[in-house]
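What follows is chain A paired twice: with chain B in the first complex and chain C in the second.
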Partner chain A sequence: MAETIHHIPLWYLPLLVILPIAALWAGVTGLRKTARKKTAADRDPDWSVPPLADQSQSGSFLHKWDVRCKIVTIVVFSFVVASLGHLAAALAAVALSLSVAVMIKVPAARLMLRLLALAGFLGMLLVVMPFTVPVHPGDTLVVFGGVEWLTLNFRGLLLASTIAARAVAIAMLMEPLLSTAPLPVTLHGLCRLGVPEMAAQMVLLSNRYVHVFSHEARRMSAGMQVRGFRKRTDTATLRTVANFLGMLFVRSFERTERVFDAMRARGYQDRFPEPVNLRLCASDLLICLAWLAAAAALVVWDRIIL
Partner chain B sequence: MHISDGVLPVSVSLGGYAVSVALAAWSARRTTSVQLPKVAVVTSAFFVASLVHIPLGPTSAHLLLPGLAGALLGPVAFIAIGLGLLLQCLLFQFGGLTALGANALMMGLPAIACGWLFQALKGNTHLRHAVAGAAAGATGTAMAAVFLAGFLAAGGEDFFGVAKIAMAAHVPVIVIEGAISAFTIGFLFRVKPELLETGLVTPKKEIHG
Partner chain C sequence: MHETHEIRESRPAAGPLLFEACGLSYQYPDGTTALSGVSAEIRPGERVALAGQNGSGKTTLIKLLSGLLAPAGGQVRYRDNPLAGENLDRARLEIGVLFQDPDDQLFMHTIIEDAAFGPRQQGLPQQEAQLAAGRALDRMGLLHLAYKAPHNLSFGQKKRAALAGLLAMDPEVLLLDEPTANLDPGQEQVFLDLLKDFSGTLICISHDLIFLYELCQRAIVLDHGMVQHDYTMRELVSQRQTLREHGLDFSFRMVVAPESPDAGTEDTSCRPRPVSANDPGRGLVQLQNYCYRYPDGTTALQGIDLLIRKGEHISVVGENGAGKSTLLSCLTGLCQGRGEYLYDGKTVTGRARKRMWRKIGMVFQDCADQLFCASVREEVSFGLRQLGCSRPETAARVKEALSLVRLEGFEDRVPLHLSGGERRRLALACILVMEPELLILDEPTAGLDPQGEQLLLDILQKLHTTLLLVSHDIFFIQQLTRRTLVMHQGRIMEDLPMQAFMEDQRLGDLNGLSCMYRLRCTRDIQALQHEHEHTHEHQHLHAHPHRHGDMVHEHLHEHTHTHAHRFVHTHPGRDQSHDHAPRRYHEHDHAGHDAQPHEHMHKQTDETA
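What follows is the complex of A and B.
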């Protein structure tokens, strides 16, 4: 079976390719700004408080679900989604993830921020892949005005959309996975699943100090701006930013020493106290089974029926 | 740039996880376990540093810093980078859950290599430190770009075009990263040279209690 080739004039190129890209780019930038504004407004301005433990909507089944079941189920489901091969199956996974996110009432702005973080990489795939995938028999091609190297291949577009759908489906599960329990509880669940306790402690500590250091960095850059520093494309900017980084490292390394000394002075011995007592009950396993059954159904649909 | 979910074949992402866990365990063995909390706090500093954007003509690029992390932390940098990526996953969702192992390899292996490179090249003068810093910074980013292209190409020949473009996009970042690393190392050499001697996280030895 030979490939189908459609010839269309070159002036369609801006209409069909460049215009959508520009619209997408403008939309993403605009949405990112509004989403950032919204999340910044309802958040505590003190960044030293980690924002992950969202207690405002505690009551859904995901909040009550045993944290170990939740982690195992969502991780397994993510890998299943990553293995889906057809666009329809991947879109079904997106619908499933979206319904979970809606069910536990994730704030739309936070969900949007997570998806927008993906936009750069996925946008690159969506733009590049239709023009670069090798031509296979049976492909549908669009040639713009006889320019041979500028050939749009629909198989590439389909492939890139499938990847984008898989990425979106997994990204939308991050909020249900992480914001339905305080981070220490999630990490405790991970430890009970066999992750070394030290790893969990390191995540907890660095999550805490990311906020402290970003506060520090913001103060330093405010000071630089007050003194008239503006970022440009030149070596002076590079040198200044490097000094800024160096200062950030010096300050934070010194702080690290003090934090560590303080922890040891309070009797830290490789352990934090356990945040909760976990107990497994039948309903936890039932939700787990139902979700994994949905995953299995997706795989069957993807591999056998489609 | 990090690989997002859904791009890699499942076998590659699971393999990436396996190799990363092994390397992280090796990296953790290079220091006393009491010092690991320190690594965690230092990681947050690197994480914040990597959010800094450098203007580049009409756009801007954010720093990757595998070279600098390797130079300052040594072999422990692998843990720091894995932790940093996990944080990114928690806070922003760049480079998702399933691609975490591959992303850790992509940034962590260059960091370890650059740590060795930096230790081998740095002499006693300010200039030699800066040159070693530049070499570490540029090599780290270049290696990360090669790993990125390799992982993408693992998806089959459909991804070769994307891999080439992703590599090309890293070229300006390599130059910026080299310059920034050189200046930062130069700054630290003048301000706090002991950081460059042993690094913050000392290898196994007794701590005064």
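What follows is the complex of A and C.
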């Protein structure tokens, strides 16, 4: 079957491509600002109670769900979503993820921030893929002003949209996975599932010290700025940046030694204390089975029905 | 030189030993000797100060005593057993080590988890460990922040959280490395009160001898990795000569300690009068209704009105988190807030803000944040290269700046390998070389030993540039500035001349700037260090050639004699008559004493023909 070709004037190109990109960029920037403002607390929360216990959504099934079941289910579901081939199935996965997020009352701003982190990558995909996918028989093409190499392929747009929908569905599931239990508990669950304890400890410590190192890097960068350093495209800049990275590495290395000393001084012997006692009950397994059944239904719909 | 008696004040001399260090030595991997032949005995309940210059081996000794390092030579014994194997495992659960940087110590995700870490390692069940952690946090006034992540705490809160982590373990021994460095006086007082109440054994490193004087009874002085003296704390602070020999003489800090609020009245007529933003006249820096919010929306500065005139020396004080550092960042153009900012009469916005580094130089609190080059020469010339100076001019100005901070000959050294004091002076040179119109110093004395402080003070006193000093160190503020801004919760609460600030006790209570215990200790130490010439009878134990009739011989012996000399002693009160205890320890020379005939008792075994 031959492809369908529509010819439209060249001046449609900015209207159809550049303007959406600009609008997307402006929208993302605006949303990012709004989301940041909304996530900044008006007043300091009550830190005398665990943050998860303080929130209204802590009564949701995901908060009470055994962390091992939660990890296994969401990881399996994510793989299933990643394997979907049709846009309709991917959108159904988005709807499912969104309903879970709504069910556990994830703040919209936080969800938005997570999705906005993907916006750049997905936006690029949506712009580039329609122009770059190989043309197959039956494709619908739009040629701008008779320029043959500037052809928009609707199949590419569909493909990019499917990928974007799958990415959004999986990204939205990260909120239920990561924000319904403290990180040490999630990592403890991973260890119980067979992840080496050392790896979990490294993730835990990295998560704690990434803030310290980034703060150190910011202070060093400020120290360079007050002496007039500005990034330019010359070898002096390269040398300075190399010095900066080297010094940051040395300081980070020295800190890791001091942290390890501090841990040993308080009796650390290769193991962190368990943050919770995990107990599996029937309801955990039931939720797990229900969710996996939904995943199986999605696959069947995608592969057989659609 | 005569050997003299060391008449010591009472110290627990009997009872079992807690720590016994025998001939400890340690070398760093690069071959530098950190400790050599260190021996010391510490008994339960003792409060020992480890004093010494930067690099004298204090922290290494603490690490050896806590088993974090294994000695290259000698042995550490804890409760009569070598500190190894099971005894080391036990010791780690009984000994609390407080590190200098609290971020090293707070490695868990919330401070309550961190405080519970030690008790969990001690084998307590989760509930009990949580309770112990809660109690410890409550003692440190941090229970309301129990579930906050450490990286979201202020420095003072982190420091208190780190101590809470140790107290939760109910330790028998506390080893503290610079516990109050960079803390505001209010937080320092919290630490002091808590540590005074601690009933176990305490070994504390600090450059702040006034703090140590208040806290400890015994002082071990380390120099070049060796124990030089083992005194009572009172003896240490009274020996100016000893303090001077080991770079610990902090007497320069005591010249301004007034006996009473009306003592030491300053002549305000010759000093710049305090000004406010509403004063007429053009200043170097002018802020009007200036505000700053962090990206997350937290207010850091609000309604700041400030005028700094050319040549003024101004200090900024306030508790940790009052907004001092943010104010400095705004002045240097690192942050941009809302409100009017004029520099030399011109509004600072956009491009001008990015060029403020040409006019304003800032030395950071942690000088390591400013040093990133491979050599001292490269480091100092970095700013000049950004200014576009020629090579000959750069070389000349680098030489001049290094000479100003007394680092001549250090050009090819690696900044990372310099001592704390040298790095601080290098950071200062890096800024001074750019000849800023306004010099900003953020906590310049943090982590410096007394000798380093004195050297820095000498250098800063000779500078003629406009100065803005942020510090908790009241002495430095007094010495270097004439006007004080008191900040609290992001606002400038007061703008006072120095004398008015020093006399305003209300500010001390309001802003945690009280330094009353320091004044009291300073007066005590001044009394202990009092010295003048006396003639009195006293005893010596020494060996020298002497005559008994026709017999000339030399041996260690004790005898009493009278001669004039200077010595340190206490007075019961000013202008009151007093006696001088003949057996008081006082080291001095006896000119021609060896030739003087004298009588003394001889034991048969002592005699040497």
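Assume the second predicted complex is superposed on the first by the 258 of 306 C-alpha atoms of A that agree within 3 Å, B and C clash if a C-alpha of one lies under 4 Å from a C-alpha of the other, contacts with A are read in each partner's own complex, and residues count from 1 in each chain.
Note that a residue touches a chain if its C-beta (ideal position, glycine included) is under 8 Å from a C-beta of that chain, and two chains touch if they have at least 3 such contacts.
None of the values given here were measured: they were computed from a predicted structure.
In the superposition on chain A, A:Gln225 contacts chain C only, with no contact to chain B.
Of the two partner chains placed by superposition, chain B and chain C are both touched by A:Asn207. Of the two partner chains placed by superposition, only chain C is touched by A:Ala265; chain B is not. Residue contacts after overlaying the shared chain place A:Thr233 against chain B, while chain C stays out of touching range. Chain A has more of its residues touched by B than by the other of chain B and chain C. When the two complexes are overlaid on their common chain A, residue A:Asn243 makes contact with chain B and with chain C alike. Contacts of A:Leu285 after superposition on the shared chain: neither chain B nor chain C is touched. Shared-chain residue A:Leu15: touches no atom of chain B or chain C.
Touch criterion not met for A:Ala293: it reaches neither chain B nor chain C.
Applying the stated contact rule after C-alpha superposition, one finds that A:Pro275 touches chain C and leaves chain B untouched. Across the superposed pair, chain B and chain C both touch chain A at residues 183, 204-205, 207-209, 212, 216, 243-244, 246-247, 250, 255, 259, 263-264, 268.
Interface residues of chain B facing chain A in the complex, by the touch rule stated above, are 1-8, 10, 13-14, 28, 33-45, 47-49, 51-57, 63, 68, 72, 79, 83-84, 86-87, 89-94, 96-98, 157-162, 164-166, 176, 179-184, 186-188, 191-192, 195, 200, 209. Within the complex formed with chain B, the chain A residues making contact are 52, 75, 78-79, 81-83, 90, 113-114, 117-118, 120-122, 124-125, 128-129, 131-134, 156, 159, 162-167, 169-171, 174, 178, 183, 198, 201-210, 212-214, 216-217, 231-233, 235, 237-239, 241-250, 252-253, 255-257, 259-260, 263-264, 268, 270. Across the complex, chain A is touched by residues 63, 66, 68, 89, 92-93, 95-97, 99, 101, 103-105, 107-109, 113, 116-118, 120-122, 126, 129, 143-151, 165-166, 169, 295-298, 329, 332, 334, 354, 357-358, 360-362, 364, 366, 368-374, 382-383, 385-387, 416, 430-431, 434 of chain C. Residues of chain A touching chain C in their complex: 36-37, 39-42, 46-51, 182-184, 204-205, 207-209, 211-212, 215-216, 219-220, 222-230, 236, 240, 243-244, 246-247, 250-251, 255, 258-259, 261-269, 272-275, 277.
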